[in-house]
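What follows is a group of structures, each given as structure tokens.
Both of the next two complexes hold chain A, though its partner changes from chain B to chain C.
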Partner chain A sequence: MSEKEFGQKWDRCLADCAVKFGTGLGLGIVFSVVFFKRRTWPIVFGTGLGLGMAYSNCQNDLRSRYVLHSKVAKEQ
Partner chain B sequence: MLRVCWKGAHAAARQCVCGKVKAHPLQLCRRYSTAGDSGSTAGKIVAASLLTVGGGLGGTILYAKWDPKFRANVEKSVPYSDQLFEMALGPPPPPLVTLQKKPVRVIEPLQISSLSEASKESKQPKAKAKKSDPAPVEAPAAVEEAPAPTPQTLKEASAEAAHIISAIGEVPSVPAPGTSDESPPGHTAADEECKDHHEPVLKERPAEEVTARLAQQDKAEQDALAGLQVESLGSTAKTTLQAIGAQEAALTAIAAHTNKLKEAMDSQTPPDEKSSQWKALNEALSERTRAMEEAEEALLKAKGELENLSGVINSSKQSKINTARPQILAAEENLHSMIVDLDKVVTKVQTAQTEAKIVSQYSELVNEAKAQFQQELANITPEIQANWKRLSGKLSADDLNSLIAHAHRRIDQLNRELAEQRVREQIHIEVALEQQKLEDQKALERAVVSALEHSREDMRLEQEKKAQEVREVMEAEMRTQLRRQAAAHTDHLRDVLKVQEQELREEAQEILNSKMMEQETHYRRLTQEQLDTFTLDMNAAYARLKGIEEAIDSHVIAEEEARKAHQLWLSVEALNYTLKSAGADFPTEPLEGAVGVIKENCAGNEFAQALATAIPEESLSRGIYSEASLRARFFDIRRLARRVALIDETRNSLYQYFLSYLQSVLLFEREQVAPPAKLAPEDLDTFKLLAYANYSIERGDLELAAKFVNQLRGESQRVAQDWLKEARLTLETKQVISLLSAYANAVGLGTTQAP
Partner chain C sequence: MAAKILPVVKFATKVTIAGGALYVAYDSGLLGDSKEGSVTLGRAKAAIPPAVEEWMKYFGFELPATPKIEFSPLDAWNSGVQKSIHALSVTPSTVSDYTKQGLQYVKDLTK
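Now for the complex of A and B:
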């Protein structure tokens, strides 16, 4: 169903966001811990990175319909 | 156990009571029975006596019914029994019935008796009358006649009797009286035989049929008459014979007496025998007187019987029965012959009597003379005894002389008397002659009269006989003529009948032919009519049949159509029903089956086929959602569409998403707004559209809602895409189905057909 698609997209989006956030957070934490001496900024950065990625994915996912796909036609 | 005992006691008590009760009625019964016994014995006695009486009465009546003689006896002896019998059995059987057969039977015994008589008597004269000449002549004649063809008629029988009588009468010698003496007993024996025969006849034939009796009335009369005649004839013959016999006996007695007298007169017999002679004479005299008396009696009786017979003959003559005439004639002849014989015998007796008278007179005179002589002798010789027989031995000479002188004197006297007598002889003779003449004349007259009468009778009888013969001859001739005429008549009749028969036959044939023709024509007409009607009927029937067939065919077609329509309708209904199988969230069953059925059912129907094929594939394969589910889904769609109302190709970032969401949250509007009749461009707002669609769908108008939803643009459109598709599908299917059902209904009504 098309309406379910939106929901699904949103679910995916949220899941992705969660994952990305978690991952970012995790990575951030890791990076922060590992590389950046428990600074918060990698966590935030990671989290932000994650969220951002998630946002972008979500957006793209939601926008996928309207994006025009082109193909280069081969010259004959 | 106690209970058992108690039960036993109860039973015993009950029995006791019942026994008592039983005993009482027994006693009562006994009493009643004793009373009843005595009563019943009395009753038995009464009943037995009644039974006996009734039985006796019934038996009497039954036997009286069977034996009329017994009935007659009882009627005679018991008074009022005749009434009882009449009541019970009806009138007594008439005695006339028996008389029918009696004369017939009488004739036969009489014949038999006469035959036997004839044979007997003929044998007797033949045996005994060998001396007399006429006897063998008559006897053989009688003998010849007796074994001759058995005399069946009364005439011949009476002729036999008459013959016998005359035979008897004409035999004057000694044997004749013997036969005549025996004949009456023989005849009486014969009569007794007759009488004996009568009785068994009566007993053998007690009753006769009524019809036979009626038919034989005349015969009975004449037979009765004949019987009476026969009877009277028999009786008269008997009495006549008796009379004749008596007369003959008298004759013989007279003759004997006269002989004896003559012998007695004769002085040549010795004196011893004279006394015996005189005794015999006395005996003969007494005999003669007795015989005379008997003869007189018999004669009177015979005369009476002859008168009776003549009376009977007259009465029978007056009765005018033609067939009895010969019998009457025969009876008359017999009567006449009997009279004749009787008269002859009477005359003989009279002559004998006169002779006897003469002889007696002579004897008297002789006696007188003797007495006178005796007296004179006694006067002359008183000492001489009267017995002059012994005179010759004991008389002396004086006595003798005186006797001779007396004798001489007597002789002289006698001579003188003789001379005187001679002188007066002539006168005496004349006187005597005169007397004799007178007497002779009288006798002659008498004889003449009797002879005349006899001859008259003879003549009459001859005449009658001749008349009878002539009558018979005439009758025979008449009969022959009549027969001839009858023959001629029959011939004529036959001819006429033949002709008539021919005519009638022809007529009948003609009539028959005409009738046959008529009948044939009628029959032909009828058959033709029948055929015509039949043909008509057949044609009509055929036409009807054809019509019926056509009707049936059309009906079949119509039925077929109807069936098809019905099937279509049913299948459409099935389809409709399958639409109902849609659940809340899942679609219906695939409509393929139902639609397939529809397609099958309306194979020949293009419209339906078109319609059936118009159903979208998706619905066929997958089924459609129900309106309710769509409606439910619409809510989601509406929410979602409201949330992504701002999103379209240009605005589709996440931020826009957030904004549209915010918009949907913050925008307050009526959920349901009645859509206007015409859509203006400002109505193409998502929210409005959704509101319109909501309103429509809430009112059940999916189509309008779909229309409105179709006007969505952007992401809303994309979101509602599926729903729309589904709605479109549903709508399409429903439309087709509704069309189909409408069509099916229309077809089912039977009157409309899609062109």
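Now for the complex of A and C:
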């Protein structure tokens, strides 16, 4: 992976982290207010979910160069 | 009869609100790939100035103009990293130079 590509991937990772953190936080707040009587744990859970999704996306993005991609040949 | 339906209606409203928020997040690509997330971020950044202007016109007051900050955290961070690593890499030779100078000075004193 070239330096430039690597830098772009990291930039995408960080931006994605911020987006998913905000989304998780927002959805956690919505669910906490609507369903769970304004407790704290749905907010923390949602934020954790968002961060976990961001981590997983980052991992797949950084690994995609080295993963073998195959196609299933159709039976004739 | 109204008393029996009310909890159901309340629950249905809650489900609608929460489900709607979840659907909006899914539809705008916030829960997807990192590429989609950065696209959404770009769209949101582009949509903020017109929205802020609309709100300002509605309320009838001017927000103070954001001051131009010349400081770039990225450049500061990068230069900080480079300077620290450079300092670390020259430490052995610098220390040995200073030690030699110190020993030479002490030798000169004892001559």
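Heads up, the rule we're going with is that the second predicted complex is superposed on the first by the 73 of 76 C-alpha atoms of A that agree within 3 Å, B and C clash if a C-alpha of one lies under 4 Å from a C-alpha of the other, contacts with A are read in each partner's own complex, and residues count from 1 in each chain.
Here is the rule we go by: a residue touches a chain if its C-beta (ideal position, glycine included) is under 8 Å from a C-beta of that chain, and two chains touch if they have at least 3 such contacts.
For clarity, every value in this text was computed on a predicted model and none was experimentally measured.
> Kindly say whether there is room for both chain B and chain C on chain A in the superposition, answering fit or clash.
Once both complexes are aligned on chain A, chain B and chain C fit side by side.
> Please determine whether it is chain B or chain C that touches the greater number of chain A residues.
Of chain B and chain C, more residues of chain A lie in contact with C.
> Based on the superposed arrangement, let me know which partner A:66 touches: chain B (first), chain C (second), both, or neither?
Once the two structures are laid over each other on A, A:66 reaches chain B alone.
> Please work out whether A:6 is in contact with chain B alone, chain C alone, both, or neither, and reply first, second, both or neither.
The first partner, chain B, only.
> Tell me the angle subtended at the Cα centre of chain A by the Cα centres of chain B and chain C, rounded to the nearest 10 °.
If I round to tens, I get 60 degrees.
> Contacts for A:58 in the overlay, against chain B (first) and chain C (second): which applies, first, second, both or neither?
both
> Pick out the closest CA atoms of chain B and chain C after fitting on chain A and give their distance in Å.
Least C-alpha distance: 6 Å.
> Residues on chain A in contact with chain B in one complex and with chain C in the other?
58
> Which positions of chain C touch chain A when the two form their complex?
Residues of chain C touching chain A: 14, 17-18, 21-22, 25, 30-31, 33-35, 37-38, 40-41.
> Where on chain B does chain A make contact in their complex?
For chain B paired with chain A, touching residues are 633, 636-637, 640, 644, 647-649, 652-654, 657, 715, 718-723.
> Could you pull out which chain A residues touch chain C in their complex?
Touch residues, chain A against chain C: 12-13, 15-16, 18-20, 23, 26-27, 30-31, 34-35, 53-54, 57-58, 61.
> Under the definition above, what is the set of chain A residues touching chain B in their complex?
It is residues 1-7, 55, 58-59, 62-63, 65-66 of chain A that touch chain B.
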